[in-house]
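What follows is a set of structures to go through.
In the two complexes that follow, chain A is the common piece, with chain B as its partner first and chain C second.
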Partner chain A sequence: MTALSAPSAPSAPLRAGETGSGAKRSGPVLLGMLRRRELQLVLAILALGALSSALHPSFLASGNVSFILADSVSTMVVAVGQTIVVLGRGIDLSVSPVLGIAAIGVGFPAQDHNLSIFLALLIVLVIGMALGAGNGFLVAVVGIPPIIATLATLTIYGGLQFIFTGGQEVVNIPNAYGNLGNANMLPGVPWLIVVGAAVVAVVWFWLRRTVTGRSIYAVGNNADAAFRAGAPVRRILFLTYVVSGLLAGLGGLIYLCHVGSADATTGSDTNVNLMSIAAALIGGTTLLGGRGGPVGSALGAVFLSEALQAMIASRVPPIWEPAGVGALIVIAVITDRGATPARLLARRPFREPSHGPQ
Partner chain B sequence: MQRPPAAVAPGARRYEAIGVSKSFDGANVLTDVSVTFEAGQVHTLAGENGAGKSTLLKIMAGVYQPDAGELHLGGERLAGLSPRSAQRRGIYLVPQEPALMGSLSVTENLFLGILRRGRMRTVDWAAMRREASAYLARVGLTVDPDARAEELSIAQQQLLECARALAHRCTTIFFDEPTSPLTAHEAATLFSVMRSLRTDRYSLGFISHRLDEVLQMSDRVTVLRDGRSVLSGDRSALDRASLVTAMVGRELTTRSRARPHLDASGAREVLAVNGLTARPQFEEVSFSVREGEIVGLAGLVGSGRTEIAEAVFGLRPVERGTVRLAGELLAHRNPRACIDAGLVYLPEDRGRHGIFADVDVERNVTAGVIPRLQRWGPLLRPSAERSMAEQATAQTAVRMASLGTLMRSLSGGNQQRAMLARWLLAGPRVAIFDEPTRGVDVGAKDDIYRLIGELAGQGLACLLISSELSELVATCDRAVAVYEGHVVGELQGADVTDANLGALVVGGTPR
Partner chain C sequence: MSTTPVSSAKPGASQARSKTAGRQETIWTVALAALLVVLLAYFYLAVPDFRSLGTSGVLALCEQFLFTGLIALGEAVVVLAGEIDLSTGAMSSLSGILMASLWQQGLNIWLATVLALFAAALGGALNGFLVTRFNVSSLLVTLGTQFIFGSVATAVGGNTPPYNFPRSFVTLVGTGTVGPVPDQLLVFAVVAVAAWLLVARTRYGRSLVLIGYNRAASRYSGIDVRRSLLWAFVASGLLAGMAGIFVSGYYNAARDDIGDSLLLPAITVVVLGGVDIFGGRGRMSGVILATFLLGFLTQGLLIRGDSSLTATMVTGVVLVLCLVLKVALDHRAWAQLRELLRHRVSGMGELRAGRGA
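On to the complex of A and B.
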């Protein structure tokens, strides 16, 4: 505050109801918390677990719980990256091949040359960032709408993945990988979920407590206003795709460790695109941008994993899986009140305002 | 050998709108407006942009349905009018931006919807070309009927729209602000076509906010302001002064000033704008604001005043011209650089350019300064952020349940107070307030102006944009008037009056 000290407050009487629904929200604390998507999901996860174990007593056995958690982590990590892009009012349809390229990119050297897992970590992060930067360039620099830009790179990266594999498969990975991917830290607590939780925590902190993270919410909420408030909008959009790529790359390593194999269709065969978007939507992140967060998406990934296991336990044919995930997306979007079809269709890339004649 | 197409029109039927009202999203655009168009007359709708002129003509041309009121054509009541049924009844709207099919030929554009057909019901191109040349000649348009419409200039496209009205046998033709994209010479051509149509007993509607055109072209004039008809009468009964008053004069009773005029001529010049040009929006714009001074930037909506402010804040590229802040050149302007240099801009359209509706008040208020909240590298300090937000919202008296309240649930006045709080935190030396009281209730209006006065009292250089001239008169120490992108005058102290400003902003001279 240089030139300005406190001016006296204008004195108009407070009109009743002026703050509208904001006041209504601060009702009973418990009810308020129940409106939070994260808590709803925790309850849903517990309820589904209770229901499934009532039908199939072995469902909550330590081994199965541990599998459900470990199996969710590659989706979880990718979904957290997807969430960052969606918060900025974009979408990343290329996470499938990014995950796949990262998995084979370290899978072959690991299989053939016993690549150290630390080096593998470094490599997948670099691969992911590079591919993510490609998306960021198309969206934030060239100005192509995100859905089109990442649809194009989905095809480009998917093609590259085929070329890189040359028809080969990764089938044998070193023990260090397999242990990380499947061993438990404690009974029922796999190492992978610790990795996933760490990623979620770091991203949560980044989004809430750094200027860049906070600017992502502002840009997603209103890019014009964010630009006028001084945010470097293009740089931030670019960054969201880089981070999404980075986390998709990490997801590739996690997938490799957990499943133990990788080939030309890794990523697309398990429909990572759809699953990451589904986890984010179920977790309360809206496609309109600016609302949601990584914790919800992580819980969404766990819920999806649990739901798939519940279907398997109930002997629902696997062919029904995609339909089930789709139904969950519909439910998630319907229960998100802000997202009307018109607003969803209005998705456009940011352009710096008013350049050129009107 | 061309046969004359519509011979001489038999004379358009009288077309009346009676008590028409229309609102969009709860905002009243037209309230109880009545207007009559007669054969052989040019009836001009005058008023600022946003006064409701276009909406009225669009309703009468079937584009919009009125919420209330009736349309009568030659005594017959029209209900559920669509653009197509309006055209069949002889009513044609030449839109502000010609709505032609760019990749189709001039001929095809003329006859779109009424393509002439010959034997076998196939399109009879030869007949249409013959007819087309006659219509084109009637509006003085000498272009190849086979040329593609997009090859025509804007002025030619407008004449083509007019020929299209004739080809559709329309006798009531509305022109929605046709001259704004035209040069003076092109406008003169259009006017001569309109005069000749008037002679042939066509009924013409004409929208303009240029005083000279209104006086020159009209037989009747209706002035709209804020969606109401404030003046209607024959041209012969109207003079320039009464038109000016009707178009821009709100509450001509002078408001009492909250603070005396400040003669800041001795104070330091904080903002200096020199020769700023971004055609066609504005050209060679120069003005300055001194420490502690409130300078009004007066102009009609569409005069270029918001564009000028946005260019100063680095939101638009300029061809040339400079902006200096306390003597220092702001060369590569963007919002971040301007904010850091001490220049802030409160935008006109709060919803689109100001607030983050789904974000809480605290983060809305700190949005302009969060880079300054960093400690230990990139990490923010939540406690510092909260106390800054608390202090700033207390200064501007934002009324809210808590800092965690979502911005969208605040009233317009409180949202504007929160926006002011955002810019107070930036510690500005110059602030541009663009329509700061738009969408704000009456009580909050006075509060906002009082706050601006207090800030000026503490040395802030203020540039105030408003279309409410009386608000400028009551607040400003000095006023700069813009008309069609040019600075047309500057008034100091007691000379800042409704009458003087009103004359300047419509392109006249102060008395």
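On to the complex of A and C.
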């Protein structure tokens, strides 16, 4: 366990021959830093902003900048949860109905009974954790491959979302919600950005500075080795899905506050699954597990939001939005040299090595 | 698993695999067939509306799910090789829209169909090219191209995608019948047999399965892994395109919105059919049976009066249940128990290393 918890490690445990070269290479520090996906993304965000505002001067208006940031927070929070699962070498395709169920789960009481927002926060977290625990059970306890398990819960949760709405939709939320979703804390600094930054900071600390967090990287890197080093692999895998569900639930509350409505297709109609995975991938987290982090994913979410705004500013018809995101995914995957080992799909469910022949 | 011409490189390992894995696949396939019979019997006895359909009515139900089966056949080819294709649903939409738009431009509808199928194969080739050339995960590449194909379909189709195709077209790939048997079923039968033969009886098919089972071993035994995978994606794209033509024929209108709703059932069919999602294990016969099993289950529930929503949820539940069952069957404890029994019974002291992956 001590090996896992070494907090002095400056970055994630790296795959052999990957970005770890920064330590060995004697080249300039600045060049090494440029290899970091987070920095590349900041530069990309600035470049895209500069390009767009050169073509469309209104793009850089302060309202638009904070809109881009605030608009990305719902995706950002879900993407951070997705990142945690992916770091453990899983995938969660059920985040969109979890987000939707959380949004309607508090949306109706808020609309009809003026539910207090603190209670709402508690409810979405419980909903998210419960649904996430369902995924965790299937993956970590039963041992079903994550992609199939969460594909199945995607339909099951999606069905539940339809049943819960009963054909109704949330259209009118109390002011407290709307203020949180759209008002500024300080001039030019929306509340949502503060919330998003806080979530990223907490998760970053958890992943980098606690034994459990480090263990997620270790499990994602090599579950067998982590098991032999004493990490409770199944419990950690279970936990990643619970946290992913929790953050997807929180994303639902943020979505509700920001957009002000929710219905049976909330989450699915905005492709939350795709967006969260895209943000994580663009942010440098690989589906191989064990590499990446919440900061990159948050930047990825901002970049996506900015890219979509740029498409709108350039009068690209909205039907091309999914294609834009799809193209970004393909580009992010192809340009990420860390993601090249051939069989990324080979994410067999973990089994304690002692049970079988090796 | 009876013929494994490509296994010559590692005869011992491959034969151990083909015996245990083959037996399990046989059990799974037989169980599927039995379940299908039980299911049909249940609906026939317990649901009056289902009984009153008669033979031709029940056969006509197939038109509601055969396009899913076509996608599943293509998907199975890719999954057997250890990859996955998430873009098949969107590809169905795209090929239907392309066919209809070309026809609307004044092209002969059959020519338009051939061109649309060609485009679908090209789309599959694009997937395969990205996966093999850049050596990246098919999960990610097809997740991306899924949305690209979908956007193109929506853009080409416009607000009102073409509809009202010529009668001959709607009859053959849509709602026509030969006696009580829908034309679609006949076309599907031909394609299904071809896909089965391809996987089970050709050198290429067996090499695909070996690629899925052990990529390094297949490379050492002289298989061109990249080219084989590329063609698997082409097959997947082509069959998805064919499904799009079926959909257009059945609804007598091109649909750009149906792709998303086809992907999950298709993957469910593949997994239910006993194909290991990690490749290297499974049979096309299982996939074909699973097409009918899941299709009749869904349609039977709908006829019984359940909402389409319930039917979709049942799809998800079935997927989970069959995986739980599979994991239970897969469990090493069972394998060891069976080994022990066989050891006792036959007296053959050959030690087998289970079916460790």
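FYI, the second predicted complex is superposed on the first by the 327 of 358 C-alpha atoms of A that agree within 3 Å, B and C clash if a C-alpha of one lies under 4 Å from a C-alpha of the other, contacts with A are read in each partner's own complex, and residues count from 1 in each chain.
Just so it is clear, a contact is a pair of C-beta atoms (placed from the backbone, for glycine too) under 8 Å apart; a residue touches a chain by one contact, two chains touch by 3 or more.
Computed from a predicted structure; not experimentally measured.
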Next on the checklist: Applying the document's definition of touch, where does A:T212 land relative to chain B and chain C: first, second, both, or neither?
Outcome noted: first
Checklist entry - First (chain B), second (chain C), both or neither: which does A:G290 touch? => result first
Next on the checklist: With both complexes overlaid on chain A, does A:P322 touch chain B (first), chain C (second), both or neither?
Outcome noted: second
Next on the checklist: Output check: A:L119 vs chain B and chain C. Expected answer is one of first, second, both, neither. What do you get?
Outcome noted: neither
Next on the checklist: Quick one: is A:A183 in contact with chain B, with chain C, with both, or with neither? Answer first, second, both or neither.
Outcome noted: neither
Next on the checklist: With both complexes overlaid on chain A, does A:N222 touch chain B (first), chain C (second), both or neither?
Outcome noted: first
Next on the checklist: On the A-aligned overlay, A:L46 touches which partner chain: chain B = first, chain C = second, or both, or neither?
Outcome noted: neither
Next on the checklist: So chain A touches chain B in one structure and chain C in the other; where do those two contact lists coincide?
Outcome noted: 355, 357-358
Checklist outcome for this item: In their shared complex, chain C is touched by residues of chain A numbered 91, 138, 142-145, 147-149, 151-156, 158-160, 162-163, 271, 274, 277, 281, 287, 317, 319-323, 325-330, 333-334, 339-346, 348-349, 351, 355-358
Checklist outcome for this item: Given the complex, residues on chain A that touch chain B span 1-12, 14-15, 18-23, 26, 209-212, 214-215, 217-218, 221-222, 224-232, 290-291, 338, 352-355, 357-358
Checklist entry - Along chain B, where are the residues that touch chain A in the complex? => result 280-281, 307, 310, 313, 315-317, 335-336, 339-340, 342, 345, 347, 352-359, 363, 367-368, 370-371, 373-374, 378-380, 382, 391, 394-397, 399-402, 405-406, 409-411, 414, 422, 424-425, 427-429, 443-444, 446-447, 450-451, 454-455, 458-460
Item to check | Of chain C, residues touching chain A in the complex | outcome: 82-84, 130, 134-141, 143-148, 150-152, 154-155, 215, 264, 267-268, 271, 277-279, 309-310, 312-313, 315-317, 319-320, 323-324, 327, 332-333, 353-354, 356-357
